[in-house]
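Note that chain A is present in both complexes that follow, paired respectively with chain B and with chain C.
So, the complex of A and B:
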């Protein structure tokens, strides 16, 4: 199993890409390597990195959670309302949101395991539901006016280091620990590789799957709090499109959308590349829509690479088997 | 196109050979599935093909359907000789196969299915009217009343089979190969199918009928060919042979000795199963003893694997009871079965036995990972020690326990599965085809291991389709057929003939 925190050939490729981007941007924009800008990047990617931990777990089990973006929206709207409208102390609001996030993930997991329907469809539906919920709660209006202690999470520093970065590193450490040191991590890989063999080995696969979505919901809630604290304003649109960024970062980092393989180290490299790219393009005043084209293209390249490198051989045998069996194939099933 | 043969007078010439194969062989790495088979089909006959599991029947069908390329040999159809067929060519030559699994689209109508892939059109639109009329003609020709507009999923299995046959007729099939057509049908549907076959025969269709069931062969066929171990053993006129002769021909060989001896006799009753029902098996009742190897025989689809899935909790039990040493051990899940000290070494090693992308030690430790963890953290040392213990005792050949299982040979992969299950310290071990696809050396090691487990007082249930293995290893053999228990053979009663006649017939005089 390749779950170790050691760079592999593909990771080295990503490190080269990252270094290339850093060099390019620092040549093109003198401000890029400024300490403040570096910290700025870490603040910007903190939420992405934190969410990528749980998302990587889900991808490893062979699942996906498209609702992650609007989970963030619901989290920030609820957190903002608790503080601004109900005057709840900020730490209670944060705790409430951590529970809420876990619950949302758990609901996804329960529906997916009970119905057996593809996570893609279930979470797509959930994404739309949560979009509506966040809009209804906020009535489409931005929520602001949080206690100043709260902004410390996303904007403050400890000994010159951004708090957001510290939280990111802590979450990463927890993620690495779960994935590489606990039996749960092994279960994630086992289920993603061969769910039936995992079940026959005595793994309670439904329970593990519900847990993985709940865990991802929990990490997403942490990410939401960091984001809200940095933005100082909550809106139903806050998390819109975030699922796309997380998928891109994880897949770019070599986490397979087909399940069973990928490392957190790779996912973090993916997050770093996305963060540097976005920051650099903004510094260079690149048109917003050009940025969209670039990020979309990166995802296309990454998934194509994943699909072709993983099973190009299997794919060819599959296709030739289909051709050979001729009329016998077809997805037809009568009884 | 097909309506021309509407009259029920056969135009077939029973002396004309429509299809002939000579020296047909097919080898896969390590296995010879077909070995220089000669075989001919005469126009208008119903030709039965019989043989044990693995005798080569399926391979022969696949080659005739163009789905497999023969390693050597020739196929002559209507006086033209080919060294291989393709699916398209086979269809064009009028060869159609009715598989056990139908190839129908259940949400389309009967007529749509008959013309699937070959739709009739009027300009740019489908000519539904003509298709329905033509389908109705075909059904009438088969003397079966199926509304062409009926949705296939609403039809009974028997009618679905008729739709499948009509589909073959619409493509001008001249030779119809039917692979155990009665297997999915109820008794009433089987009678209806016999009538369809009689009708087809009267109209001059040549039919290859593959079956295990003696009664059907004697009811339907004109001639019968026996395959054994990939070889064509004999072809007989059905009227001039007997059941006994066919069974003897199918079994043929003398049993090779060479199974390791086991001295200790079975002990006390340990496992008691009564009235176990669910997952396609019905009312199974048996007892197994400590130190006993209890064999399970039956044809493919007899319900042996399904029975074991119930015992292991991977499929839900509908009713019935299971006791081990007097306490109830109905398993609700594999997880629960492991707690009940039941282990299952599955038939499909790669899909159900191992995780190919995991290394040896992670595979062996998988069922025990939770136990080998302290507050969730896996003890890497314990995992390695466990894996190395079983690598040593089972002699798994690999450079280290970190080797990925996908890089191991079949025999060593199977040993990893065995190690994984032995590590759970089971009292009841279920082996489903334990030596399938494994070389002779590793095979013998597995037999020795099974004997050692039996001698240590474990209860062993073994499914096998390998007659020699069943007879060589089992203390008793339970024979299943169509999900039901047909009988139990004691040591002195076990023979290839007794097993086969129970498996195929269900009643012995």
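So, the complex of A and C:
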């Protein structure tokens, strides 16, 4: 197993939190640890997990893409319109949206590299543009009436396994391969750690950055198709606020927003924690207000525990030094 | 510094482009009244349909409709109303994000001689309002659900049901209470075993799956809105319910998608219509036109509450959504 996928000490904190949640929900709800429910959770986090792959790439390079939520919005609206309004076969509509998603990501990448402006600003502006585009296309109205075969992607199963889960696993495998088995993955980390050093070492940083945003757009388009198939209804509001969910999952999983650090395994742990929390609290019929408090508190605990465990070595050294100096002072006073 | 200037420029251009998109030039002619419309959130399909109908119907009635989306931000809505006042519109239609936040600015508008028309939320300063009785709307939904429970599971000792509410929206809390009261009153053997919030179809799908996972014997789900109902309909299916006659899903809003689901014989059995976006758009235009023409207008008017189920869904679809 590749080192970047192998759980490291720094992921242990998150694994402990996830295991704690699973054990707690299993004890409190007899229906939680059930194959059907595991499939439920995977269906519910499929889009988040798929989008998190591309988003992790971007974060590792030191970038960010705030437009991801409205990329989903445009993707689902366009896909829905192609099928419902233009009677395009569903597989052609899906292909068109995959191309569109890649294009949207590529445009982000090109603007970021050409202008040199912060990705935060560029994608924030792009988020607003795509929001408007989505509403212009749909006029705010829902689009539905897709071919029944299309629902297979988000709702169907193969040998009892949800198709959405299979797609999620495939995307994860592709993501892991890119990040760990290709030079591209090494370039992502190199650019995230020090862009100038990466450029001087011969990496074509603009090309890699455009590619990383295009890849993220492609994965986001896959996630959008899964989501649309699951909902059977396209609305411009779909995907709104999704960027914060992805950021939360990735950051929770230890992917640094400063770039250069993070693994897909960590990001998947973040996605899993969010999925388990959302599912488990509803199974337990916990009051909505209490759910908000519990969710926030557990996310805080997870992030804090993870951060502390990462810096524990340094902190222990610091504490040891303080204790030693304290004991020396005490010895001096005693003398 | 150059990057900052460029960034601000890009944001400015984006904002201008969107402003251009959200505005719509009136077609009512030079002598027409100008009406500003600000809506809490135009991602709501019913409201999106409403403003479009208001725009086209308003032009027929001699009103130039200029609508904007407050994006669920009350401070933005106050700014929009101030801009309408500055623009010198003849009337403002307000679907408030938070009615207290617009109290001052609506008073200013009235002092400037501008007619103020409220929609859904009760305003402090207004000339007319078109309102929804949230509790009665929820109660009608609960009543329909209870009737379905009694008809299909009247002999059972306990019938489990779930509720998709929205407790973070004050105006929706009453809807949920109405649903609970009606089910408790008309189907006392029904037991509420699961509750979760649902604003969008995404929420609805996940909630229905989770409800049925935790409570495999659940027979009914009621929702406070169309988003949860549309998603819930798919969630019930993906949770493995194949006999759609054995499960009842009850929504509010009677959106086109919901009505199609009822017609198709899906898990959704009924939805509460409050008249629909088109009808609301026309009513608001009529109220505003009457006010501007100096006619007597009933200050507080309420939306009709009608249950749409398999018996009248096709007729309703033709009437509301048929071209």
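Going forward, the second predicted complex is superposed on the first by the 281 of 335 C-alpha atoms of A that agree within 3 Å, B and C clash if a C-alpha of one lies under 4 Å from a C-alpha of the other, contacts with A are read in each partner's own complex, and residues count from 1 in each chain.
Convention: a residue touches a chain if its C-beta (ideal position, glycine included) is under 8 Å from a C-beta of that chain, and two chains touch if they have at least 3 such contacts.
None of these values were measured; they are calculated from a predicted model.
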Quick check for you: in the superposed arrangement, does A:44 touch first (chain B), second (chain C), both or neither? second
Who does A:132 touch here: chain B (first), chain C (second), both, or neither? second
Please indicate which partner A:197 is in contact with in the superposed arrangement: first for chain B, second for chain C, both, or neither. first
Now for A:182: first (chain B), second (chain C), both, or neither, which partner does it touch? first
Applying the touch criterion given at the start, work out whether A:144 contacts chain B, chain C, both or neither, answering first, second, both or neither. second
Thinking of the overlay built on chain A, is A:230 touched by chain B (first), by chain C (second), by both, or by neither? second
Would you mind checking which one, chain B or chain C, touches more residues on chain A? C
So in the superposed three-chain picture, is A:92 touching just chain B, just chain C, both, or none of them (first/second/both/neither)? neither
Doubly contacted chain A residues - partners chain C and chain B: none
For the complex, which residues does chain C have touching chain A? 3, 6-7, 10-11, 14-15, 17-18, 21-22, 42-45, 47-49, 52, 165, 167-168, 193-197, 200-202, 205-207, 209-211, 213-214, 216, 230-231, 234, 237-240, 255-257, 260
So, in the complex, the side of chain A touching chain C is made of residues 29, 31, 34, 36-37, 40, 43-44, 115-118, 121-122, 124-125, 128-129, 131-132, 135-136, 139-142, 144-145, 151, 155, 227, 230-233, 235-238, 240, 278-279, 282-285, 287-289
Residue ranges of chain A in contact with chain B within the complex: 1, 181-184, 186-187, 189-190, 193-194, 196-204, 260-261, 324-335
Enumerate the contact residues on chain B facing chain A in the complex. 65-68, 86-88, 91, 97, 99, 101-106, 116-117, 152-153, 157, 160, 184, 312, 314, 333-335, 337-338, 344, 346, 351-359, 362, 366-367, 369-370, 372-373, 376-378, 420, 424
